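Here come two complexes built around subunit A, the first alongside subunit B, the second alongside subunit C.
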Partner chain A sequence: MNENSSARLKRRLTGIVYRIGLFLAMLTICLPGLWIVLSSLRPTVEIMAKPPVWIPQEISFDAYVAMFSGIGKGGIPVIEYFRNSLIISVTSTIIAVAIGMAGGYAFARYRFRGKSSVFLGLMLTRTVPGIALSLPLFFLYVRLGIIDTHFGLILAYVALNVPFTIWLIDGFFRQVPKDLAEAAQIDGCTRWQAFWQVEFPLAGPGIASAAIFAFLTCWNEFALASQLTRSVSAKTLPVGLLDYTAEFTIDWRGMCALAVVMIIPALTLTYIVQKHLVGGLTSGAVKG
Partner chain B sequence: MKGFKPSAPFLLLLPAVIVLAAVVVVPLLLSLYSSFTPFRLTRPETFFVFVGFKNYLSILSNTDFWWAFGRTVLLLTIALNLEMLLGLGLAMLVEKATRGQRILRTLMMFPMMFSPILVGFQFKFMFNDNIGLVNNALQSLGITQDAIPWLIESHLAFIAISIAEIWSSTAIFAILILAGLLAMPKEPIEAARVDGCTPWQTFRYVTWPFVMPFAYIAMTIRSLDVARAYDIVKIMTDGGPAGRTELLWTLVARTAYSDGRMGMANAMAYFSILLSIAFTVYFFNKLAAARTQIGAEW
Partner chain C sequence: MATVSLTKLTKRYGNVGIVHGIDLDIADREFIALVGPSGCGKSTTLRMIAGLEEISAGSIEIGGRVVNDLPPRSRNISMVFQSYALYPHMTVRENLGFSLKIAGAAKEDMDRRVAEASAILGLDTLLDRRPSQLSGGQRQRVAMGRAIVRDPDVFLFDEPLSNLDAKLRTQMRTEIKKLHAKVQSTVIYVTHDQVEAMTLADRIVIMRDGYIEQVGTPDEVFRRPATRFVAGFIGSPPMNLHQATIDDGQMVFASGEKLPLPGQFKANVSTGDKVVFGLRPDDIYPTGHGISSGGAADVHQIELPITVTEPLGNETLVFVEFNGTDWVSRMLNPRPLKSGERIAMSFDMSQAHLFAADTGKTLRS
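After this line comes the complex of A and B, so read on.
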């Protein structure tokens, strides 16, 4: 009896400790983001207050209004940056996924010599730090006259994304059983038809999430964009964020508001694809 | 048709190879060449002067460079190991949850959605000595009266940067290790328990070997963009105070764009490229080894 109740007590204690641990972990993860959202809605006076004001006294959307009302009203050209970001990210994503589908299919469906080293070679091109790559690209782009253009950045981002889209899409094609495409071919499809009518629809959700992943990489990229763009005509949002920092002062509230604007598309898209993303990266981890 | 077949994968991979050759390989060869010249942006004619290993030799005797190099390796070692441990812990916490696992999983991925530049900015805000959340909290709780100069004192700045880096990337480990835990068959664990293994033994000899490939995938992905730390440092301290948090990448950027010494910067960049490649190859090999260990075909 005594042993029983002590075991029960122990179990209950473990349960409580576990809940507290989980709560603390989740708090650490979420707090920084929530703090940004909260700060973007508070007046600057409250952010700067000493001693700190913990409970917001008033909530306003002034920072967002100011941001989108253009230059001269305390805002930065957010709309232009947003448009640049969108054009560059979408275009380079589409191209990277097309190339990635071809490459991924080759890795998933064919056996060829040096497969593993070709794969590693592709990955290695991705390891080159953005800033190290930006040096020769900067020089080349100036020579070719494509510095500070959408085209230049799109080209760089396609190359940045191709290795990763190949990895992901390779994983998704591996999950589609080979027999299905073979059955379709026996029924009279060409390999091309079998691909588009059988394998592509099955791997579709996975490919979509590879696309979203590529989109997010472009959307968030900073090191290359900060060196290869100069003006409003090509600067992207992450580079635009720096517009809020002057030499000695930082418009914290404005920056928080822009951060929220940047994070919302990323948040939504990541939420949609999370399941597929993990599946694609890990397929082949346990079974070939 | 049959003679044509072997070249199908070649054709399929061709576009990828062309793009990567044009945007990565050729520019890198160019930068390799210019690392042997005293090239300065302001004086284009210096591009054609060949000086051999002069840049590399002057790097070797450049203490700033070695400090940045050491600091980069230290940051990566601390960050990657802690991320791995915390990620494992987080994954096991979430796996244990009986209710609301979907919500927990989504929350867990939250930091992954932040671009490094946002992470840098967010922690710069939180660690601000005057209005930051961290100091405000410490002062309100009465732990300290002074404003702790988080981003101004060099050691504290390094800690702040590590925290930002770890916060942003633990999620990658957690999510992939969790995928491993969820994919794991339950019978071996039960068998181990029946055979009288302690929880530690069960974890060490049953769970861990199974989860290891997933951890190495996370490591490989992470090592593909270790240079993300550039964005974080650039925003948080910009290498300051007085170059005390300068990493390899910020040093390269400063040498190239602020000082305009492209030749020298390219020589430095090659060190950072080699560092990244070494990381990736190492983890890629580990991944391959872990895969064969549990009998998977590559």
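After this line comes the complex of A and C, so read on.
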């Protein structure tokens, strides 16, 4: 066997090992999701079976039907929860991204006193687990009368997301060469126009990814929401999952069905936006 | 079309001075090159004229109007950046038309002017491409096109050719010169490349450490450098510059070697003065192989050993040892030479330069 064929064999083997590794990794990531979908479609007996039943014996959409059937027929106020989740997530994402853009731009472009300490301070807030704040927030919100409201949760989520959006968007604005904004100003733009015409479109993918991350954080957040909301008018979908727990039983099938309902919009959104998340758009702007 | 005047123009960052109160008057339609080593303040000066950098003191006038505090868009200038700074999310057409779009120009007007500019620069076939699909030279051309479309009073160029390879640089240099002849507007061109400055500019401004060393035509700064720095900066290969002490009509170098004091400086120095003697490579040549062979009156002959030769085809750079160091000389119609060979050299003292050793100023009266 000469050198070339052994090199070729080696390359082929490496490829196979690589694919197996990738498959195992994907399996680990996807299996829980798949299990949730499967569990939402089969009876509790099968879910609880030991050893586990891998292939469902009968498929039914009962859980989904029941979910939307209204109180008393095994239903929960999904529509209300969905609406709450949407209002809270979208609003807090918009606010967090707007603040993140302003902050990220300032950190990327301007020099000011205490810049690095402020930046570090923002990052340090990320080290505090949200749940640790839930009790103080609870007391504070009760006093302020914003407990169990959309506004209260939006406020908490904005605070949670802003350091992250600033950090992410800062990085993307840094990648946009400063020359471009200057060229735009010479071409007749005001500072403001230069931002919207040139820097914003170029940092767009970064801003979109910051928005996605912020949205998903809000959409999936459970710990804070479970403390700060009580009623149907404010509870979000993750908190809604608790409606399936009773004193002695847990309706696993119903819970899984609601989880699927929760996952679908998040998945769709990510899928739509992922095309815009490609980097490298700035190539060719300057010598490179 | 406009004049540009800088008066006591100053830039400081905190306590650090970058540009120290420079004065400069640029005539209408003049091509001015700001040249100097990096960190000399030339780019900062250009950015102050553009309005991208605030000025600390002094004033800038464009076309007789003080523009000190006006934003870039109100100065009617255009600028070509070293990095080209093309908008990557726009096509070439959109890049060229961007300033017109911002100004709210009519569609037909915009199309016409973009077409004009692209015709001048040969960009017609590239209009629908994006900057990432262009080569370096094409990007450079788009950047210039974007500047032309605005029809500005003053063109500012910030080292526009330094990202191009040597061949393309020479080509674009010629294009810039043609362009200036065509558009006939005032140009301020920043470069660290003295060849670019010499070939393009009507007048050259040589800057160093935030001060102007000399302003003059290419011929003036080459033939009559005002300071030792200018003498060393302009010309390639650089002028031979060596320190000497005047002793009774002679220049005594560090090693004890002597050269006669050039006649034109006799009245301006006296025994004991410390000077820097300068002679261009063109004015030192193997006897019989020089530019002014035979014609010059004040030629000093001396036999020197060759250290290295650099053949360039039509000429050879010959490094000879004198005063313990290498002196560069230019040999026309070269013949093969060997290192170590002793060769008769002619020093054309009528072309010599003399600078005061302490101030660096020329001793020419």
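To be clear about the criterion, the second predicted complex is superposed on the first by the 236 of 288 C-alpha atoms of A that agree within 3 Å, B and C clash if a C-alpha of one lies under 4 Å from a C-alpha of the other, contacts with A are read in each partner's own complex, and residues count from 1 in each chain.
Here, contacts are C-beta pairs under 8 Å (C-beta built on N, C-alpha and C of every residue); 3 or more make two chains touch, one makes a residue touch a chain.
Not measured: the values here are computed from a predicted model.
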Which partner reaches more residues of subunit A (counting touched residues only), subunit B or subunit C: B
Touched partner set for A:Pro177, first subunit B, second subunit C, both or neither: second
Touching partner for A:Ile94 - first (subunit B), second (subunit C), both, neither: neither
Which of subunit B and subunit C A:Thr270 touches, first, second, both or neither: first
Subunit B versus subunit C as contact partner of A:Gln197, first or second or both or neither: second
Touching partner for A:Ile186 - first (subunit B), second (subunit C), both, neither: second
Touched partner set for A:Ala259, first subunit B, second subunit C, both or neither: first
Subunit B and subunit C footprints on subunit A, overlapping residues: 281-282, 284-287
Partner subunit A, residues of subunit C touching it in the complex: 50-52, 71-73, 77-79, 81, 83-89, 98-99, 102-103, 130-134, 136, 139, 146, 150, 163
Subunit A-touching residues of subunit B, taken from the complex the two chains share: 6, 8-10, 12-13, 15-16, 19-20, 22-25, 27-28, 30-31, 34, 89-90, 93-94, 96-97, 104-118, 121-123, 125-126, 130-131, 133, 136, 139-140, 167, 171, 175-176, 179-180, 183, 210, 213-214, 217, 220-221, 223-227, 230-231, 234-235, 249, 252-253, 256-257, 262, 265-266, 269-270, 272-273, 276-277, 279-281, 284, 288, 291, 294, 296-298
Subunit A residues within the subunit B interface of the complex: 18, 21-22, 25-26, 28-30, 32-33, 35-36, 39, 47-48, 50-52, 54, 98-100, 102-103, 105-107, 110, 112, 116, 118, 120, 122-140, 155-156, 158-159, 162-164, 166, 216, 219-223, 227, 238, 241-242, 252, 255-256, 259, 262-263, 266-267, 270-271, 274, 278-279, 281-282, 284-288
Subunit A to subunit C touching residues, read off their complex: 177, 179-180, 182-191, 193, 197-198, 201-202, 281-287
